[in-house]
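You will see two complexes here that share subunit A, one where it goes with subunit B and one where it goes with subunit C.
Showing the complex of A and B:
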């Protein structure tokens, strides 16, 4: 076959690992791919959380455990607020305001930690000296599902906080520019996603159904 | 690895479906299976994510979605299933692990003062089949895609109804999410669900029928040649037809109640998986063998493989269905001599050995032809697909310049139709 000598597409992207034969992509193309990949990941994760919701509705039906409503409202509000601060951080990165980004990222991480400790202290009862929770994972289907759902969600909150911390650290080392900060954007939409999941989990755990008072303990 | 290790630490005696309570009480071997499923599940989720992103955003210039090779549509449909449904079996096995290790009552009931405060074993069946039914389409859809890919090449005719075939793959994938309950007709769930799952299951026949008619329409009036890949393609259609026709019998609740857990199901499943996966897989191996190795396989041995395997398979799968109707149950090794199925069982066993022997022929063929087969050249099948326009075996640098799609993928036998791809044509 006739070898055409048409030069490869000239790309303005000087990657660290230039393959001699791979057509190099521009940053914009890579960004498009990254965004699509992120959303495909979210679709996949929706089924992960959906399976937990399915288990909740299958096992509990129109009942729910007697969880502390004040705690639920507070941790939910804290998590929603953290989404607002993450939005500020993301917008600041777009405009190159790295001081604002840094402050907003830390506010997000702290609010995320407050949510996490709220769940661990008041829902899981990990520190009985502060608060005696009445649910355990093994005494009934109520405890089992609460721990499975909040556990999986908390795992995502922890990874979200870790991601934001990594991005904060990279920003501190001036690795991002207003044009190129995919890492910040990814951690921001990941954080919003974890937030949206909680918007479905919160009513499923705290609001829907009539309360069942568990005996004992 | 963890799956194999599991056999050493007690294995799993519930079969592959992992139904509780058995899977909650069994040895630690179960835990090893769960780990292996997590690892494989993660890899298939990430792999499907990669494939979807590649198909949606990284096609060459000029290749619109409806100008892709039809196999890509099948892969897209498969990837949609793997990306999403896999999470369900992940959660299911995670919850099983938690119940095993922490005693979280998700699947085992726990009666407190006459009220069940514990779990429900049926929840496992719902979570499990929500994944595991679409999972069989993960096998079958690429196989059906290969049939649609190969038939035009060996019929020298365009693929009949390209768009419908492409969309039928997506339709099969989506309907596959609505049918999991047909595995549970006898499980004791709410009887009204049976009707819904019966109707949704029968719906699968519609897009599958689209594919069948497309295959017939592609071959109709074509100039057919019959090298081994084409034989296996036709073999898959015949075998998949057996599987397809026995499907609605099982999808219909009234008949399924009698046939549930009999060898009829075994026969049906073998026919769908051999017709939809194994036969197309062999067709694909023989078809792309010259592209992979640069040499031609031994045609005579290939034909022997086909003509031994296909009739033997008909005997085996129809035999399984018939002993199933006569009362042979699944999952047990022996049966009552009074059932009158001994002759049928003998035929099934003999056919099974013939199939195994024919596959040994193929393995010998593939290894020996890599050394002594005649040099195949770039495009022995005169295919229009891009991979055949370059040397065999494929060189490190496929194309010296980006390719551009300028024609339709399956315009075989049409005068004046442009090539499918052009190399380095035009600027980007």
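Showing the complex of A and C:
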């Protein structure tokens, strides 16, 4: 992209700008395209998560399984706090406060892991010695939908944590500046998107509908 | 600290809205009401945290 736009700009604005301005304009153009691509990706992802929400309302209707409300509220709060720390990391990068950025990025990763393990332990029951969950993916429509929704969301949490770690490592190597830090911005808005998805999943899984007590579990 | 003020304020609003939706769910099972609150929360995150307005920012800066 950079190679194709620079000559075009040089031809179009010959004499109007000096050469020192050309790289900045190229970066600005690339940044706009990067943002557009990222948001198109978010829109495509919305269809995936929207389909999962549609499956929930089609299969469950006005009912829901007896999920632990305290767990739901805690993991939701943890993800909300991680969005706050990610915002701080993004803003710190904008202002060149790299120490604040580093601390905030690590807090975000740790909170992301807390959310992930919260779901794995208390909703999926992956560690029965710690907590015995009552849903399985194959027993009923309730377990199937819970595992499909939280599983797909957890996959995005894992990739988000990986992205933030890569972002932090690149920042450690001084690859970003307050003027040029698309990697930080992209990781941040991806993480916030994961939060936006959970904003809709939380009421759909935990709050909407009458509780159905499943027998035989 | 001033740079982070907006973000902290939005997080507090999101926290309050989360508590509100939790208590609304205890009183009523209204899908519409709960989804409206979720849409409001999502809107705040998209506008203030995801900086959606930068998509049409002419200067293309951060």
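In the analysis below, the second predicted complex is superposed on the first by the 194 of 217 C-alpha atoms of A that agree within 3 Å, B and C clash if a C-alpha of one lies under 4 Å from a C-alpha of the other, contacts with A are read in each partner's own complex, and residues count from 1 in each chain.
Quick note on the criterion: a contact is a pair of C-beta atoms (placed from the backbone, for glycine too) under 8 Å apart; a residue touches a chain by one contact, two chains touch by 3 or more.
As the structure is a computational prediction, the values presented were derived from the model and not from experiment.
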Contacts of A:70 with subunit B and subunit C, given as first, second, both or neither: neither
Which of subunit B and subunit C A:32 touches, first, second, both or neither: both
Contacts of A:203 with subunit B and subunit C, given as first, second, both or neither: second
Which superposed partner A:145 touches (first subunit B, second subunit C, both, neither): first
Touched partner set for A:58, first subunit B, second subunit C, both or neither: first
Common interface positions of subunit A, toward subunit B and toward subunit C: 29, 32, 36
Complex contact set, residues of subunit A against subunit B: 1-9, 21, 23, 29, 32-33, 36-37, 40-41, 43-48, 50-52, 54-55, 58-59, 137-145, 147-148, 214-215
Touching residues (chain side subunit B, partner subunit A) in the complex: 45, 49, 52-53, 56-58, 83-88, 90-92, 94-95, 98-99, 102-106, 110, 112-113, 116-120, 123, 126-127, 130, 378, 389-391, 396-397, 400-402, 423-424, 428
Of subunit A, residues touching subunit C in the complex: 27-29, 31-32, 35-36, 39, 57, 62, 69, 73, 76-77, 80-81, 83-84, 86-88, 91-92, 94-95, 178-179, 181-182, 185, 188-189, 192-193, 195-196, 199-200, 202-203, 206-210
Interface residues, subunit C side, partner subunit A - complex: 3-4, 7-8, 10-11, 14-15, 18, 21-22, 25, 29, 31, 34-35, 37-38, 41-42, 45-46, 49-52, 54-55, 57, 59-62
